[in-house]
Amino acid sequence: MTAPDLLTFGEAMVSLRSAGPLAAGGSLTMHLAGAESNVAVGVARLGHRAAWVGRVSGDEFGEYTLRQLRAEGVEVAGVSRDADRPTGLMFLEQRTADLTRVQYHRAGSAASALRVDDLRAPLAAGARMLHLTGITPALSDTAREATRWAAEAAAAAGIPVCLDVNYRARLWSRESARAVLAPLAGHAAIVIASADELDLVGEPGADESTLVADLFRRGVHTVLVKLGADGARAHTPDGVQHVGTLTVTAVDPVGAGDAFTAGYLSGWFDGLDLPGRLRRAATLGAFAVSTRGDCEGLPRRAELSLLEGHETGSVLR
Amino acid sequence: MTAPDLLTFGEAMVSLRSAGPLAAGGSLTMHLAGAESNVAVGVARLGHRAAWVGRVSGDEFGEYTLRQLRAEGVEVAGVSRDADRPTGLMFLEQRTADLTRVQYHRAGSAASALRVDDLRAPLAAGARMLHLTGITPALSDTAREATRWAAEAAAAAGIPVCLDVNYRARLWSRESARAVLAPLAGHAAIVIASADELDLVGEPGADESTLVADLFRRGVHTVLVKLGADGARAHTPDGVQHVGTLTVTAVDPVGAGDAFTAGYLSGWFDGLDLPGRLRRAATLGAFAVSTRGDCEGLPRRAELSLLEGHETGSVLR
Amino acid sequence: MTAPDLLTFGEAMVSLRSAGPLAAGGSLTMHLAGAESNVAVGVARLGHRAAWVGRVSGDEFGEYTLRQLRAEGVEVAGVSRDADRPTGLMFLEQRTADLTRVQYHRAGSAASALRVDDLRAPLAAGARMLHLTGITPALSDTAREATRWAAEAAAAAGIPVCLDVNYRARLWSRESARAVLAPLAGHAAIVIASADELDLVGEPGADESTLVADLFRRGVHTVLVKLGADGARAHTPDGVQHVGTLTVTAVDPVGAGDAFTAGYLSGWFDGLDLPGRLRRAATLGAFAVSTRGDCEGLPRRAELSLLEGHETGSVLR
Amino acid sequence: MTAPDLLTFGEAMVSLRSAGPLAAGGSLTMHLAGAESNVAVGVARLGHRAAWVGRVSGDEFGEYTLRQLRAEGVEVAGVSRDADRPTGLMFLEQRTADLTRVQYHRAGSAASALRVDDLRAPLAAGARMLHLTGITPALSDTAREATRWAAEAAAAAGIPVCLDVNYRARLWSRESARAVLAPLAGHAAIVIASADELDLVGEPGADESTLVADLFRRGVHTVLVKLGADGARAHTPDGVQHVGTLTVTAVDPVGAGDAFTAGYLSGWFDGLDLPGRLRRAATLGAFAVSTRGDCEGLPRRAELSLLEGHETGSVLR
Amino acid sequence: MTAPDLLTFGEAMVSLRSAGPLAAGGSLTMHLAGAESNVAVGVARLGHRAAWVGRVSGDEFGEYTLRQLRAEGVEVAGVSRDADRPTGLMFLEQRTADLTRVQYHRAGSAASALRVDDLRAPLAAGARMLHLTGITPALSDTAREATRWAAEAAAAAGIPVCLDVNYRARLWSRESARAVLAPLAGHAAIVIASADELDLVGEPGADESTLVADLFRRGVHTVLVKLGADGARAHTPDGVQHVGTLTVTAVDPVGAGDAFTAGYLSGWFDGLDLPGRLRRAATLGAFAVSTRGDCEGLPRRAELSLLEGHETGSVLR
Amino acid sequence: MTAPDLLTFGEAMVSLRSAGPLAAGGSLTMHLAGAESNVAVGVARLGHRAAWVGRVSGDEFGEYTLRQLRAEGVEVAGVSRDADRPTGLMFLEQRTADLTRVQYHRAGSAASALRVDDLRAPLAAGARMLHLTGITPALSDTAREATRWAAEAAAAAGIPVCLDVNYRARLWSRESARAVLAPLAGHAAIVIASADELDLVGEPGADESTLVADLFRRGVHTVLVKLGADGARAHTPDGVQHVGTLTVTAVDPVGAGDAFTAGYLSGWFDGLDLPGRLRRAATLGAFAVSTRGDCEGLPRRAELSLLEGHETGSVLR
């Protein structure tokens, strides 16, 4: 087995979605969720080889998770089954047409038992890029240590690291997050964050340009700042570029950030220049927001052209 | 507020049911589950006043649980919302036409934080019967202590106690269960158990008549042994009576035992003689197995007559 | 337009079916219902020309009813839209696997405004058989008068009349029904009844042979006694024949009697001998009970052979 | 039992909703409907005590209605079951994305048998506010008399009366409505109406300021004029205030007016000033229009904050 | 049987629609599809007599097609069942909120076996208008010949011909289409085309006014150019008129063009002037785009008024 | 990549299932179907390595097929996408509770373009068993040649061949089938057939023992005769063994034969003795018939024990 293009690890969850207020009862539909697995799926659908590493339960939810990842062609040889811990669950409630609420049942999940040993073999096998998110180190002590180890080991092995900050307020405080993520960023080549997450990898409260300059000093070569409906800004030593969002009908914001990341990395695997990478990132984001589901809407390569003519602008609702 | 007929407490869960193999994905439907709340619903539907005490989460699953209990007319004034702990979940997978598999996500649930203080006011208000199951003491140390306290307090206050053994192998071993349940049975007036659960309230491995005799010596006046498709046996100091099941088409065994208990207690509240109580118990069991859902199929009083003509025999599939 | 094979009239309703207890809420599915329209659909599916006459509302439920009848190829030129009265509704609740409950919302329905004038033109156009049921005269005074008039007019015109007793206890008492139906039977060539309905067209409490003999004296030439799972008995002046039910898996008894009638009449239109007519009646009954819905399961001609090999015996559950 | 905050009475119906043209058939979902019960649910969800009085059928639709009201914590001790009359039904057809059509089956419903005696005990128990709508007096003579009696009795007992005009053209003419509603308004403290309903409680064709002035003269202290997507105007002796609608995605206008009323009354129960009451009214309206269902979308107290940041403006589609 | 108002022929298909990406699996719903049958349904719903001629399979999909057409009151006496060839299928995938993809399984379908003999009797019976589309001649050699024959025969018999170009790139090239359709247009009284289809009935690349002038010279008296969200332009010898689209919420563009045609022809049958015909065409288009389904949303005559007040402008999303 | 345990090839189809009569419309659910892919899935779920070779369309149905196979862990490296030909479809109509009807849309499918070149590389890579069915050679000339070539090449390479006769009357006559399958059987080690298929690999009309003896002479070492509800008979040179079916509730016979084959082969891969292989074959058959779907119900290894206690006997309905 040769090295994949993308190696990533983290928590894959079963997302149960309601079509209306949860308190009223009714039915829920099963989906695969998880920031890192979303990125892996997005990259794999575009024809790149993506490997996802993690721990899932020994029961049917673990089986479901594996079935979905295999269905997408994501390599799962590095996945462990945990007989004692459950797969994390999340509930996504469509409270009103505009309001989606999330509830996690992930404490003590199989994924939180991730540890350095789970990552040794996959990292030894190599990859063109290692993708991390700031969610994994918030899951448990062992997961934090595994993340730190992976970032260092990748950097040492010359594998570029992409870090998506992905701050989750329900898992830890901004202070705790910063203490862990800021050092991690020092091993990264690419840092991705929303505007209000950026100071979690640098000085609290500093402005964007200061934070970016600091990241460049620490070895990061690209900083992508996600701006929601306004698109994204890419900082490189050559300057700043902006990309808008494509004008599509947004029906589900879930997974848009992960789609953006997957598109950017796919462009990088294809050797596109920065505008090309940003255009692809925006395209994947547009697919994500205009389809219901966490990663169901991500395009296969032949489908990229479906949104080719779309101008970038602001997302319609 | 005057005293209810039935007082019970324990864990109410949200049950999510699939119509086929869970690993294949698809949709799940929400139901209220929990042995004690099933009994409360069964009793309330027949027009008795039933109060259920417990702890549910502060989120929408807690809200759902309360909505369902209130909808059934079960009194919930003694229910606490727990902002920090989730409502327990269970997944009911229809693996094949004959095989149902259950998965619990109840560790650390709001219900497991039940404690003596939650029960003081409800018990002080009194009841004609206190119903306990052997599930609650398996949830946590505080829940065990609360169960023990309630049994003693009720006995002291002259409130008869009904104990349904309801052994759950996933929560504790038979030995641990026996150490807790056997003493509890000493406070009970009615003990309900399946044939293989009976020695959990007495000497390990002893035969039914020995175990029953021992329970009588300890103050129990009725022992109901559930025999599944073969109905049930009622032991009283006056001898043994058998009741068969009603010949209905069984589509869902879940909740049949709780329905049986609810029917028996309802008959007791109505002052029926033993054959009348057993007949009603069998009738509720028949409603339960011939309707999908945990307690959706339980009859209202006017519906009891719908199965009046049915002979008791073995359950059809 | 030449005369149809079958002419029938009565009340077509929209049947709303639940898959579980109605009090629990959920969803209902729309179906076409009505004893006479079921017979018309059954006959039309087998390639005979069937005309149904009646009144439906001017709103969307009337439209639905017409759409369904037209879809089945039933001639509806004689149907009137009533702008002021609603289409009758019925709710079919699957209370348990074995218990179906019906609720009617048909008082004051468009159908109940049926009157002699609605039937003049259709009867003048002729038919090979006029089919009546004992439901229509129970709907209203004008509907009763229309039924009486039609039976007399058909008899006078040499059109044989088939009367299915179809007693509905919610609409009238046995005494009221007998006062109307017994005279009606005097105009009939074929009388169809379940065993406990037979004395509604004769002397109260008389036994079957007495009642049949009396009907023969009054001009009836065939009496079909429906026996549920045991099939049916056909009395003719030549003697008695029995037909069993076909061994199929029964999932829905609704409409089985109407299917039996449609099959018998179809056999009659095809010139089959009595055993052939009874076999077809049993075949249509088998299709009806082994499909959910009021008339959805009735066979088209080419489908008759699907149950050809089935022996007649008792219906399985 | 102490007095509730809100006392209201009227007709609760089972609403059956289709997702497309009704004539095409398909499935319908059950919902609780009824202007007064919607207000009761809205107020109860915010933690106030609300009592609803009315008559429902003895069958499963009556049971469903009670289950839903109890689920919401609405007090139903004053509800009667009527063994002979059906629960009113309404059909809500989504004819096109923009057009919803309603069909009522409520003539002769249990609710229409409401009479003064049903209201004596509830009114004697008292309340902080009595809420009436102009629908109830249109149901029947006894319901009209009951409404009139209640308004007078409340006024006499010092219980402020809130009257929502809610003109239903299918139930009566504007002239008939005015003859009944104008006198009723003389007992009210708060009158709520859409702009084109306002002259139903005053001089035909008079302009808003004239009508408001007249109402003030007759003792009303607040007149709320609902303006649909443009929000509402509140007239008090201190002047006129306007509140816009919150900018949410509207998916279902049904129940928006009732939500507005519930929000206003909740603010009044909480002692808010007029701007606070209007803001809450607008917030509940926004929840209602951005969720499918008659009252499913109404917020619980903790959910009020979900729309806190929303500016008031025009409703988006 | 007298002549219908509209006679049309072509391929009716079963359309299977998904609510999301097809590759993810899930469920599909059945609908009737086909440009000519859509027009027939649209015309029939407005009370005109419409006859559709074609070939459908002998299996259940053929049966479904016939049931739907009969349900709508479309005359199907001229339809043949083909025991050997399947009914054409189409799959409509809602890939994203904005993107619908179609897949055809129609090669070798029953419809493609259409031949001149199928049309002789229907044409001999006459009609007020014959409607053709450019899809039928693309199905097969015999269907092309049948289309040509029908256009000539109708013209010879004085039956005006309406030709909707309806170019389908998957079935043939623009060159092949032009070679067939341009001569066909010479028999037409009305030609309907989108702006980019117009030169398929004239000189390649010519501008609209040139093409229209040429069509007028060849005997066409009305040319309708469909402009999507911008409405349509009608060219007659008297000049050009424009009609906008009605402002409705568009949820499904499928069938909008057929609805437009049906509306125009209905207006023509009713003897409306050009503005009246265009207004009706726009109204039917508005119904079509604001309802999901191919022809489910088309209005019945009484429903036309539902959109009466709507201004024509651009279609909202 | 090392050699898989099982290598198989053929046509994988998308199966669309209705829950009732197809002519009535409604919804259909997507499933993966195909005898060989069912066997591959069954074997893969038990932890063996299975490779499936075939051609699927380039569109979303091809994508769906691949997603499902990958999800099950079946190796699909040898699958080709065919841009020009569709994936075969089948429609499975639940006509009555007992009658399932199948309709194929597979003529000219991608799978029918299978040719020798598709199989060269997979066979060169080796396998412990090659599984063929009698369906593949009926698809097209090239598929027949590919099947013949594969059987010979495997035999030559020492890879044992398993042939499941699987006669499809819609694809070819018994005579045509015999002309192809009888020679194929000469290369097989295992032949599987239902009782009435057995003479398709030998002398027409010969009895079972004669046919088996002849197969043994031609090198077959095991002949499995499937007997439906009566289980199966295994002929080996050592004699005949019978295995019954497990007593489960049968809800769907589709795929039972494939499940039986998969179980037998899995037992062979595990080195079980003949009774062990037959027991596993019966177990998989029981899982298949007691779950809806073509292969959804097949067990994973840990699930084999779920039916461990079941006696073999006759299948219940």
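A few comments on the model shown:
By letter and in written order, the chains are A, B, C, D, E and F; residue numbering begins at 1 in each of them.
We take it that a contact is a pair of C-beta atoms (placed from the backbone, for glycine too) under 8 Å apart; a residue touches a chain by one contact, two chains touch by 3 or more.
According to UniProt, the chain labels map to these proteins: A, B, C, D, E, F = 2-dehydro-3-deoxygluconokinase.
Just so you know, these numbers come straight off a predicted model, no measurement behind them.
Although chain B and chain F share one sequence, what matters here is the overlap of their interface residues, and that overlap falls short of half of the numbers used. Chain centres here are Cα means. That of chain A falls 45 Å from that of chain B.
Chain A and chain F have Cα centroids lying 40 Å from one another.
Chain centres here are Cα means. That of chain A falls 47 Å from that of chain E. Touching of two or more other chains is recorded for residues 21, 23-24, 63, 67-68 of chain D. Of all possible chain pairings, those that touch are A-B, A-D, A-E, A-F, B-C, B-D, B-F, C-D, C-E, C-F, D-E, E-F.
Every residue of chain A that touches chain B in the complex is listed here, in rising order: 16, 21-30, 59-61, 63-64, 67-68, 86, 89, 91, 93, 101, 103, 105, 107-108. Interface residues of chain D facing chain B in the complex, by the touch rule stated above, are 63, 67-68, 70-73, 300. Only residues 248-251, 287, 290-293, 296-297, 303, 306-307, 316 of chain D touch chain A when the two sit together in their complex. Interface of chain C with chain B (complex): residues 20-21, 24, 95-99, 317.
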